[in-house]
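Read through the structures below before going on.
In what comes next, subunit A is part of two complexes: it sits with subunit B in the first one and with subunit C in the second one.
What follows is the complex of A and B.
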């Protein structure tokens, strides 16, 4: 009895979470010209057609560049920060930790507006720089957290052993620490990439004329064109994220770090 | 050839804020000696060892190793090896690469490197395990890799931090004799940090007992085992019965045992091992309140006027039962005289 109740709750939850996705995926399969569910007829033309739309191709590339660039930057900042906080008594370490994780807690839309109003406009930053800045800040908390988790699995005396064998502090970091947190860094990269790639609220404020990320472009397109290509594209992007996560789980055990 | 002051620690003090972990310790170690630093946890022995390795700064004092003042030399240029209690092997490297680590940093030529690494691995009996990762090895094997990794670079000084404490009893005995052989074959100067007096007695040329950041006593294993000078060292060496010397008798926790002590005034206290307490006859009266059979011997807990005493009788001696009143003697001729309680 309890088992049946449990399964029904689980089923409802899954339906609630996955239902919208299934509807969108279905709508994209329509043979008709407008976005409706259930689809009218069945065709793959919208899925195939997505690749032909010039503006989406451009913003897809921009989103890719942005996601790779800002995640790499976030790791460049986040790995040393995580290392310092894990290994040393950093003065005000608790505060730094809180500030570093703030972008996860503060609603992204507020972060985006604040960034625009108080940094991008006063400094007159170009659009791409503003986007990189915003996304890096957004991704850095994940980098710090994930790398911190993998650092706690590495005993500090392993570094001391390397030093006593003749390595410098930096040498010990590159020869011993980095190879052992490699999986954590890769996991952080994947999480950061997906977070940045799917980001809407911050990008909304920071994109500008001629420079737009894919999700923002899709949002804009929906206001003018109401055909199933948006549904098809959304489905493809969701599948991309899911496959990245699945591959990462197989190769790295992603779920250990999150 | 051997330098009597190969390693010299001069007035070393290490403190953290107000707490003093090592308090004005001076110590010299001749070349080739195996010195044991013995003491309970928190006595400062590990702190002192980490300072010698260069992993901790000294608050005061200096260190000279092989005629070179290394007080301010960074840890990676001291030529001091350290075998960690946790082994601290590099998890991502094979046994071969773990051992080769130090030689690669020194840019040893490939053929020499291979030859020396192979020799070190053979020396600890792990030939055939070269391509294994540390997690695929048992605790004892990891310990051997840690040893090989430290000695392959031929350090001036090898420090061992409780190296056997994570092994089971049988393996510990085996590794103990292995360490002994290694020390003999390599002739490297070693400092062995341990809280286990049996290990220190079995391995060391000389033992330094530490207490609360200071040296309590140092000497050969025989010196310490047979002639401890303080109550602290005596207890560590198995003298379980320690009584203070008073003008009219011996004092314990509870009270006095009256005997003439005229000839003993130079000692503050007397100490007996359990086997030196004579049961069945003697001037004192007590009651057996515990008896534990241990095969070759039986241990008794005796309640006396001075407090609880521990006695040990051989298997051939008459048995006593709990509750029995018993006469006993603490023969002064078999006691050790302590200068400090």
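What follows is the complex of A and C.
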């Protein structure tokens, strides 16, 4: 009896979490001009039409570039930092860890506002540079954490052996350590990419006229678009994230690093 | 393992300098603004904020929603997590994946679904009018209830996942043992399960609470200008009136809450490692 009750609550919780996606996916299939569920008629015109909307196409590309660029930058900064903390006795190591992971603690909208007022405006930075700064800082803690996890799975004696056999420390890092933590670095890249691509609050204050990320553009469009195009776009984005995550789980075992 | 401190420091320095200069410094300046006034250092910005009826209302609503979402997700979370753990290992993995998956999807897309469901011509209103429960559509969007539902959907997975991992670490025989000794289900929950999974509850609870009080998208889309939370109030004050005084005080409140909850989590996970 208790068991049946437990499983029904579990089922209802999953319905509550996943059901809304079925609703927007369905609403996007409507043949009519207004957003309703159940859809009126059936057509793929809104799904096809999304690709025709200039605004969304531009901001989609910008979000892609931003997510790839800032995650790559975060990894360039984060991998050496994670390696240093895992393998060297760094003076003040706990402090360094606290500083590098601090962006997790600060709500992103506040970081965006602070960056705008005290960095971007005084230095006259262009919008894209501002966005890269904000997103890199937000992604960096994830990069450090995920790479640290995979470094703890790699025994240090492997490198020691390489060094004893005559490899330089740099050589040992690139030829022994990096190939072994490759999956972790790729998992960090995927998590960072998704974090940056879906990120809204940090970009709110940093986006400028004509230069906007896709989620910010979608938020703005919700106020005046009443046709099913945003539902179709949301569904496509959800499918994109889900397929990236599923592929990554198959190839890398993403969940070991989360 | 490598003793050379200089190399270690040199490897960690770029990340530290980047985050320090590009992130912590500007945030620090913004925070210091909250203690500033033309006359020097003062608490006057906090006094103004907490004596303003709107700011006070928004602060209380944010806390109310944060606490409410945390409690409801803990109740649903325990039942769901117990059911997940009860199932076999294969089902357990699949169920966990089903709770992880929505967290990877854009919160904008996740929130938009509720507009379709809760709008004047949405599914719920159609059902209400169709069943004759009400003559005209109910106003569901732009209410605190809508924001509550949206937040619960966004953060429930965090609670379910922390409670699932806490329950997985529960020794397998404690519940049967309590049953043999004649304990009822409520006694088992409050005297056995709850004390043994307290850490998971606190970790999940703080993640849900911080997530909910610092949410922007949900109140912006489902609450609008009528149901402001701290972050939407901050955005509105800055973009409409360039009001840095209010923004800096909100920043200080949110960061303070965030630091408290994160150190709580850190202590909890540290305890587990020590034990």
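Rule of thumb we're sticking to: the second predicted complex is superposed on the first by the 258 of 258 C-alpha atoms of A that agree within 3 Å, B and C clash if a C-alpha of one lies under 4 Å from a C-alpha of the other, contacts with A are read in each partner's own complex, and residues count from 1 in each chain.
By definition in this document, a contact is a pair of C-beta atoms (placed from the backbone, for glycine too) under 8 Å apart; a residue touches a chain by one contact, two chains touch by 3 or more.
Predicted, not measured: the structure shown is a model, and the values here were computed from it.
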Figure out whether A:17 sits in contact with subunit B (first) or subunit C (second), or with both, or with neither. second
Kindly classify A:180 by the partners it touches after superposition: subunit B alone (first), subunit C alone (second), both, or neither? first
Which partner does A:155 contact after superposing on A: first (subunit B), second (subunit C), both, neither? first
Which holds for A:57: it touches subunit B only (first), subunit C only (second), both, or neither? neither
By residue count, is subunit A touched more by subunit B or by subunit C? C
Can A:45 be said to touch subunit B (first), subunit C (second), both, or neither? neither
After superposition on the shared chain, which partner residues are touched by A:167: those of subunit B (first), subunit C (second), both, or neither? first
Across the two complexes, what residues of subunit A are contacted by subunit B and by subunit C? 160
Within the complex, which stretch of subunit B touches subunit A? 53-55, 75-78, 80-82, 84, 86, 88-92, 101-102, 105-106, 146, 149-150, 153
Where on subunit A does subunit B make contact in their complex? 154-155, 157-158, 160-168, 171, 175-176, 179-180
Residue numbers on subunit C that touch subunit A, as the complex places them: 1-5, 7-12, 14-16, 18-20, 22-27, 29-30, 76, 79-80, 82-84, 86, 95-102, 104-110, 112-117, 119, 121-123, 152-153, 156-157, 160, 185, 214, 216-217, 220-221, 231, 234-235, 238, 244, 247, 250-251, 254-255, 258-259, 262
Contact residues on subunit A for subunit C in the complex? 2-3, 5-7, 9-10, 13-14, 16-18, 20-21, 23-24, 27, 34-38, 77-78, 80-81, 83-85, 87-91, 96, 99-100, 102-111, 113-115, 117-119, 133, 136-137, 140, 144, 156, 160, 169, 194, 197-198, 200-201, 204-205, 215, 218-219, 222, 230-231, 234-235, 237-238, 241-242, 244-245, 249, 255, 258
